[in-house]
Structure formats: structure tokens, C-alpha cells
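Below are structures written as C-alpha cells.
In what comes next, chain A is part of two complexes: it sits with chain B in the first one and with chain C in the second one.
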Partner chain A sequence: MKIFATLARGSLIAYTALFFAFIYIPLALIAVYSFNANPVNMMTWTGFTTEWYAQVLGFKTKISENALYLESTSQLVEALWNSLIIATSTTAIATVLGTAIAIAVYRFDFFGRRFYRTIMFMPMLMPDIVLGIALLIFFVNSGINLGLKTIIIGQCTFLISYVFIVVSARLAGMDRTLEHASADLGANEWTTFRKVVFPQLLPGVVGGALLAFIISMDDLVITYFIAGVDVTTLPMFIFAMLRRGIKPEINAIAVMMLTFSFVIASLGLYLRSRQK
Partner chain B sequence: MTSIAFRRRAQLAVLLGPVSLFLAVFFLGPLAIMIVTSFLAPGLYGGVEWTWYPHNYGRILGFADPMFEDFDPIYIAIFLRSLKIAAMTVLATLLVCYPAAFCISRLSDRWKNFCLFLITLPFFTSLIVRLFIWVLILRPTGLANEVLIGTGIVSRPLDLIYTDGAIILGMVYVFIPFMFMPVYASVEKLDWTLVRASLDLGAGPIRTFLRIILPLTAPGIAGGAVIVFIPALGNFVVPAILGGAKVMMLGNLIEQQFLAARNWPFGSALAMMVMTVMLVLLFIHVVVSGRRGFDPATGH
Partner chain C sequence: MRDSIVRLEKAAKAFATPEGQTVTALDAIDLDVSRNEFLTLLGPSGCGKTTLLQAISGFVQLDGGHILIDGEDMTDRPPYRRPVNTVFQNYALFPHMTVGENTGYALEVAGVAKAERTKRVGDALRMVGLEGMEGRKPRQLSGGQQQRVALARAIIARPKLLLLDEPLSALDKNLRQSMQIELKTLQHELGISFIFVTHDQQEALTMSDRVAVLSGGRIQQLDTPRAIYDQPKNSFVATFVGASNLFEGEAGSGQLVTKDGLSISHGRQGATGAATALIRPEQFFIAQSGDSAPGLDVDLEQIVFVGSTFELFGRTVTGRRVIAEIPAMRRSLVGEIEQSRRARLAYDPAAVHLLPAEAA
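Our next item is the complex of A and B:
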């Protein structure tokens, strides 16, 4: 019986190791192969090079003499720039609105509270293609030109939900005795909010903002439908590249994006996890 | 007193007003317009004609107006195929996550949190990048075939990419965090004294699993199944990248209606089918899990 238990335990641990390998080995592979010099088959190792990175970052390389490659680099920079503009704007809007509604739902008692809580989960649960086409029909019917503006509005509809969830988790875990103490000691509501509630809330707000930023940077489906013809974001650029055929520099772009997401998301998740 | 109550009301209005307006105009509004569009006739040159036209649904479900066009079973076939692929994705994701959840739930707090962090992290990295990796692995000249040929298991490259299997693999890879979190939440709450009691009283491990462990973790499984099934059903990025032109799913069909065929009413009707499945699933989930209230973040 003891042998069985040990065996079961061992295989469970081995399984979990495989589980993590399944998640992370592909990510590690892409990092390794982004330094592969083979320009034709990216999965056949022929030598170490940093040329693809240099290429993406716009340095002069042997390949960049080729006019075709040059063109795609300037498009890439433009796509990146668009993504950054969009992510910054959506983060600002979604953070303010998401925090406001979280405070309202968790600190006020009013008719329709349950309704608001439910409706805040809707944009997250909704398949993104449905939200994407609904927004497309809406914008076209109301005569708004598709572009950066519509992407920002469209992304906010679901990013508010993410901020709401992170901030409300923080609010739900907060100790209210401090607020009561502050009120008992004569601080007015605004002072209490500023000096007691807000400092406690801040990690949640920052965490929510970081997650909103990263999700906005990575959003493909909704953006794809409401971007119109002139604006391309980074995920759209890669999607288009993948549909045309794969070039080795995608590896380098992918690794840089992964690194960037890892850093921001780690920070966001860290802030979110510091509940107590 | 009334002035305090009034002030609270004013504060509430400031907090709720802008968000309510924003979501009413840019979330509920577009959904309402999409619902209306799905009942309108497609115009000749890609616009919409303002006439009552339920045949968009007929084209999918099989009661098309015989005057204009015949019922083409291709659409219902795509719908059923999408349901099948989504269901298989749910099953595969569950099989991948369930044992791991047990192992991680028995770790020390430090390791537990670290593992949860590692599982959540990929959710925040680019979807397209994570799928692109699988293109490199699965394509005919990719890593998987190279390894298989190199070790002599096969002599010619296998068709790994552009298959149903590739789509399911891609979706499992992407949806792991969605399934893991709710499943883990109920596995962690599992009362092990009940398991021990069952074993002590003579039930075998299989019986104990089926009668004790499975029912107790069922809420997490159900929650995970719902939040994986919904995005899997309407997914268009995964089939577009890993399914190529060979495997058409609802998501691709919707995209095609909007960006290529320019038949918006039909595309809206297809999207409504996805919405309906989602609402039915959520409704069943809420009813089955009782009146405890549904929290999609944890699946309970």
C-alpha cells in the first residue's frame, strides 16, 4: 500500500513537471531559435546570430540591404507606436472608470448593485468576436470613422471589467476598521478617503492598470474588426505576417514582446497578490 | 441627516454616471444594434436593407425561404463542428489541468503561489505569439516532424498543422489558465478527511474518486468548462493560424461575412448563435450551481 502511495505521488509530481514543460518549453524554444542564423528553416539550427534583433530594431544588417525587409521594419515601428498610443489611452480611461464602479459597488448600497456586478462580467465573458462585430456595426452605422479613436473606445468596453475585478478584489479584502477609526477621530469623508482608503487601494489600482495595459497591447480580435484600413497594431501586424508567410524576424519580435509582457504582467500580478 | 443621504447619492452618481453612460452607449448599444441587424435583409452591395428578414437564421438552421435560396447544410455543419471542437477542447484542457491542480494544491504556500503565478503569466502574453510558436513546431518542416524523422519513427513528414487536432492543441495551450483556476479553487477546498474516511471504510481508490473526489470538485470543473467553452466556440484566431483554409469554424465564418462577403446581417445572425449558446450555458450553470450567485472569476 505504501509503495502504491509513493508511486502515485511520484507520478503526480512527474505529471505536473510535464504540465509546466508543456506551457514553458515552447516559449523557451522561440527564445533559443530567435538567435538561429538559418534564414529559410527557422527550426534547423545553423549558427548563432543576433542579426534578426538588429534587423527589427532598425540597425543596418546584411539582410536590411534588401528593400523588402526595410519596408516591413518601418511598418513594424508604426504598428508598435499605434499599440502604445492605444494602450496608454485605454489604460487611463479604463482605470478611472473601472475603479469608480468598483468603489460604487463595494462601498455603496443601492438598487441595481447586483445588476452592475453581473454586467461588469459580461464584456469579459462575451466571445471577443461578438463584441468586435457589434462594435463594428455600431461605429459604421453612427458614421464614426474607424481608426485609433474607435479602437480606444472598443477596448475600453472590456478593459473596464478587468480593472473592476482587480480593484474590487482589493476592496473586498480591505480592513474597514481603519476607516471607522479615521471617522471616529474626526476626519471627514474626503480626508478619510485620501489618507486611509486610497493608499490601501493604490496597489490594486496600479495592478489593474498594468494588466489593462498589457491586455490592450495584446488584443487582436476586437481591434482587428474596428481598426479600419489605415491603422495597424502590433498584434495585427504579426497576424498579417503569419498569414503571408513566416520570416525569421518574427521570432525576434515575439521574444521582445514576450519579455515585455512578462515584466509588466509580473509586476501587475505581484501588486494584485499583495492583498493583506 | 437628509443632507448626508443626499451627499451619498451625489457621490454615487459621480461614480456610476460616466461608466453607466459609457457601457450603455458602447457596450449594450452595439449589442442591441447587432441583434436588430441579424433580422434585417442584406443589401445588394454589402449594406443593410431595413426589412424584416428572419431568413439569416433560416440559412443556418434550415428553414430558409425557398423563393430566394436553398438551405445549404454547410452552415449547420460548421456550427456543429465548432461545437464539437469546443467540447473536445474543454475535455482536453480538463485532462491537462485536473491532475496538476491536485499536485499543486498539496504544495507549501510559497510554492503554491509561485506555481499559480507561472500558470497565470502566459495569459498576459501575446496570444498571437503563443500560437505562432506552434506553427513553427507543427508545420511540415517544423520541429515535431524533424524530431520524428530524425529518430526514425516516421519517414515522411506528417500532416500535423491545419488539422482539427492542431486547433484543439492551440486552444488548450491558450486556455489552460481559464480551466486551471476554477478547478484549482475547488480542489484546494477539498476535504481530505472525507477521502480518508472513504478509503478506511473499504472503498477502493477508483470508487473513492468517483463517489467523493469528483462530486466535490464538480463545481470547479463546471465553471472551467463554461469559461473555456465560450471563447473556444467563437474563436477565429486559432483556426485562422493553425487550421489554415482547411478547417472552418464559426469564428472564421463570421469574419468572412464581415470582411470578405460583406453580408453583415448573416454574420450577425451567426454571432447571435454564439451568444445564444453562451447564454444557455451560463443559465444552466447558474441554475445547477444553485442560488449562490455566479462569479466567473472563480467559476463558482
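Our next item is the complex of A and C:
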């Protein structure tokens, strides 16, 4: 019996270790290779350098002079810039609309309310490729030129759903007697919303916004369909590189994005834990 | 008419259940609450007491009838425009605000200047014994303290009427009893009317000037605690408030005979017809040999010691259950009957209350 218990415990520890290794070793490798000085083959370690980071940030470096690539660093920076513009705009729009819809659906009774609530889940369940094609056909048929604005509109269609779901979860867990208490103490609906409902909803709204931002920065499939020929986002740029040879800068960019996501996610979790 | 602060005229409300039935929560209720009165709405869950409270605070719209507060018709006014404040069952404190902000909420919403607000928050917290707690968050307080904040928040705007929806039900027994006394004192100091909802009959009897016993959306009896206990109007009130022994039967002068042949003496001379006799458990005493008082012979099934009293659970020869309460100072007598498992439970006929017969 004792042996079995030890064995079971041992294999559980081994399994756990493997599990985490599987998830985190690739990420660790990227971080390591982002400091690799080999300009041609990024999988072969030839020495330590921080020049890739310097290059991404726009400094002149020696390393880029002896490397030959199709894409220039300025194109890469432009793609990153596009992604940031798109993510900021979509986050703002999706957060406002998603929150408003969640409040409407959870707080007011109107015809078709349940249908509306169900339909808000649809964009999340739909395969990206279907949504991408659908949006492309829609934009082309309605004569809208593809570009930054179609990407923003297109991403909003599903990002609203994410915000809606996060805010809804917060609303569902909120105590309605607090609103009664506020009304009982003389506050009308607007004052109650401002002073009681919204402050409590805020962690959900912030969480939804952060989620929307990260998904927008990351989206490739849908954006690919509706981007047109002039606009390239960061994921599209990285994807294109795969076919033409990967610039080692990509590792540096990946590590920076990872750090950025990590900071944002930690911030979100921290705000959340402080609120409740 | 007495000086009335709240008046309900034929207040009616029905709810539709998910199964498609209609439940009458308020069945054309008339009620007058006087200025400076402590009125308790007492009843089992589903009797309509909370609906009645919410109709006064404005969270339930009446199907029919009127509500007047201090002479003004409030029937169609939203809750935030009624001069009434509520202490909620789960306190409903705003978790994102401090104790001070919670307490001052009504004043802030009403646009009272900060300096005066701060002063009145301090006063209100002092009244409930939470001086200097302004900066704490509700979650840092105990249940009893949260209860006091809810109370301070509800009285700060000096409402004409304070509604309390089972506010003590979440507190432990000792705290509940001390809060009962405090609430009563507070009500006297403030000089405003309290309407208190509870399902705890002990609580209702302890605190109230008058008690309204509700069942099935109707007020079964509205009276002082003593009258409710000593002269209940029907068997519902008799059984809901306090423990009781009821004997239905045919009343004659000074005597009531039950269907199973028991004879109960009572003090009313002119009584006739179908009636129910009520004997409270504490009115029984153990008859000793030579006692001439009327009584019932019972076989004892259980004797339970509860501290100040013994509770005797007995059965008459006809199989009827009888409960009696014997003061613990009579423990020598209890010792005797514990041996024999038989006793004669005597009573004073004058203490027997007769209820009119009811349609079953």
C-alpha cells in the first residue's frame, strides 16, 4: 500500500513537472534566442547580444548591416503601430458597446431580450474563418474600401461579445438589493447607476477591455481577410515572415509582447483582487 | 381617528407564479400606523409581510388600493421620492464605500454640504455605538456592526417612518436580544414610527407597541402583544404566537365538551355553540391529592428540562396530545411524576380562553 501511495505521488509530481515544461519551455527558448548573436540562423547559438532589442527600438546596430532580409525594420515598426491603433480603437468601441448591451440585457425587460442575449454569444462560437469570409463579402459588396477602418469594424463585431460576457458575469454576481437600498435612500436611477452600479461593475469593464485589447493585438485570421493590400498588422507581418525567412528580431518582439501582456494581465488581476 | 403616519386603504397585490397560478400576497389590507408607534408585522414566510413592507417603501406596485404617508398619497411615487427608509435583511451596505460614505449616502444624494454631512454622519454613528468607524470598509466589520451601519444609514435623513425587514435574523441569539432592546430605545429617542417585519414571535412580543399577525395576505389580528398572546382571535394566531393546547368542541355555560368526550372548564358563563378552548402550556400545574381545580389526566411521554422550566409532553386517555410547562422550582413534583409517568394537569378555568368556531 505504502509503495503504491509513493508511486502515485511520484507520478503526479512528474506529470505536473512535464505539464509546466511543455507549456513554458517554448516561451523560455524564445526569450533565450532573442539574445542570440547569430544573424542568419536564429536556432544556432553564436553569442550573447542585446542588439535585436536595440534594433526593434529603432537604434542603428552593426548586426543588421551583415544580414540580408526582404523586410526592413521600419516595416515591422509600422505593422506594430497599425496593430496598436487598431487595438486601441476596437477596445474603446467594444468596451462601451459591450458594457451597454450587458446592462440593457441584464437590467431591463424588453421584447426579444433572451434572444438578444443568446445571439451575443454567436460571434465567439463562429469559426474565425467563416466570420472573416462573411465580413470580407459584406465589405466588398457594400463598396467599403478595405483598410484600417474595416479591420476596426470587423474586430469590433466579435470583441463586443467578449466584453459583453465578462461584464455580464460581473452583473450576474451583483446584489440587486444594493440598488434598492440606493433608491430607498433617495437616489434616482441615474445617481444609482453612477454611484452604486458602475463602481461595482468597473473591474468587469476593465477586465473586458484588457481582454479585448489582447485579442485584437493577436488576431490574425479575421484581420487577414479584411485588411486589404495596404495595411499590415503585426501578426500578419510575422506570419508573412515565416515564408520568407524569419528575422531574429521576431524573438525580441515576441518577448516584448509577452512582457506587455503579462504586465496588463497582472494589472487586471491586481485591480480585480482589490475591488472585492 | 388617531394621529396616523401611514395608512393603507384596501391595499391589494397578487403575484403570478412560474406555474401559472396566482398568489394573493395582500388581500385588501387596511392598516393605520400611528405616529411614534413600534408596529411589528408577524407571520410565516409567504404570509405577505415583506410584500406589505415593500408596498410602503415603493418597491412593490399595488394592484389596487392606496397608501398614504403623513396624509399624502404615495401610491404612484417611486421609492426614491418617499419619506421612508429601510433597513434591509442582508444590510445591503455598499461594499465599495466606507462606513462614513455609506452612512452619509442619503445626505450626499440630497445635496447636503460636506461639512454638515460629516457632522451628521458622526452623530448617526454615535447613536448606534460606532463612533469613529467612518474610515472602515463594511467587509472589515462584524455582522452586528454592519447591522448598526445599516441602521445609521437609514435614520440619518430623519425619515418619517423606518422600515425594518427582518434585520436581526442573521445575528446570533445573544446579540439579537441586546439589539432588540437597543432598537426599542432608539425608536423612543428618535420619535419616529418603526414598522418591523419578523417571523420570530418572541421578537414581535418583546419590542412592539402593536403586533399585526399576517397569514394568507390578510391581517389576522392587530393588537398589543399581551392581547395577541392572551386573547388570540383565531386558532392561527393562537398557534403561531406561543405554544398552545386547543380543544375544539361544543361550549356550554362554564363547560366545553370535545368530540372525544373531554370536558374543559372555562370562565365564560353565557357561552354556547361550537367553540375552541385555548390553554397555554404554562397555565397547567401538577395537581396534588386533594386539589379541587379542574384538570386533565395524562400519560407522560416525554419530560424535557429546558433550564427555567420543564416541558411535559403527555397524552390524554382519548389520545390527544397535551403540552405543559412547569417552573423548574417545582422539581420535587416533577421527580414524583417521572416515576409514575402519569400526572393530573390542573388549570384555572378563568385562564382558559375561548375562540369562536371557524369554518374548517
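One rule holds for everything that comes next: the second predicted complex is superposed on the first by the 256 of 276 C-alpha atoms of A that agree within 3 Å, B and C clash if a C-alpha of one lies under 4 Å from a C-alpha of the other, contacts with A are read in each partner's own complex, and residues count from 1 in each chain.
Everything that follows uses one rule, which is that contacts are C-beta pairs under 8 Å (C-beta built on N, C-alpha and C of every residue); 3 or more make two chains touch, one makes a residue touch a chain.
Nothing here was measured: the structure is a model prediction, and the numbers come from that model.
Enquirer: Quick check on the chain A-based superposition: chain B and chain C, clash or fit?
Expert: Pair status: fit.
Enquirer: Examine A:57 and indicate which partner it touches, taking first as chain B and second as chain C; both and neither are also allowed.
Expert: After superposition on chain A, A:57 lies in contact with neither partner.
Enquirer: Which angle, to the nearest 10 degrees, do you get at the Cα centre of chain A between the Cα centres of chain B and chain C?
Expert: 90
Enquirer: Mind working out whether A:23 is in touch with chain B, chain C, both or neither, as first, second, both or neither?
Expert: Only chain B; A:23 stays clear of chain C.
Enquirer: Is A:127 in contact with chain B, with chain C, with both, or with neither (first, second, both, neither)?
Expert: In the superposition, A:127 touches chain B alone.
Enquirer: Thinking of the overlay built on chain A, is A:267 touched by chain B (first), by chain C (second), by both, or by neither?
Expert: neither
Enquirer: Which partner, chain B or chain C, is in contact with more residues of chain A?
Expert: B
Enquirer: Report for A:85: first if it touches chain B alone, second if chain C alone, otherwise both or neither.
Expert: neither
Enquirer: Give one of first, second, both or neither to describe whether A:141 is in contact with chain B, with chain C, with both, or with none.
Expert: first
Enquirer: So if I take every C-alpha atom in chain B and every one in chain C after superposing, what is the smallest distance between them in Å?
Expert: Superposed on chain A, the two chains' closest C-alpha atoms are separated by 6 Å.
Enquirer: In the superposed arrangement, what residues of chain A touch both chain B and chain C?
Expert: On chain A, no residue contacts both chain B in one structure and chain C in the other.
Enquirer: Going by the contact rule set out above, which residues of chain B touch chain A in the complex?
Expert: Residues in contact with chain A: 8, 11-12, 14-16, 18-19, 22-23, 26-27, 29-31, 33-34, 37, 96-97, 99-100, 102-104, 113, 115, 117-122, 124-130, 132-137, 141-143, 146, 173, 176, 227, 230-231, 233-237, 240-241, 251, 254-255, 258-259, 264, 267-268, 271, 274-275, 278, 282, 295-297.
Enquirer: Okay, in this complex, where on chain A does chain C touch?
Expert: Residues 175, 177-178, 180-188, 191, 195-196, 199-200, 275-276 of chain A touch chain C in their complex.
Enquirer: How about chain A: which of its residues touch chain B in the complex?
Expert: So the residues of chain A touching chain B come out as 12-13, 15-16, 19-20, 22-24, 26-27, 29-30, 33, 41-44, 97-98, 100-101, 103-104, 108, 110, 116, 119, 121-131, 133-138, 141, 153-154, 156-157, 160, 165, 211, 214-215, 217-218, 220-221, 225, 235, 238-239, 242-243, 246, 250, 254, 257-258, 261-262, 264-266, 268-269, 273.
Enquirer: Considering the complex alone, what residue numbers of chain C touch chain A?
Expert: Touching chain A from chain C are residues 57-59, 78-81, 84-86, 88, 90, 92-96, 105-106, 109-110, 153-154, 157.
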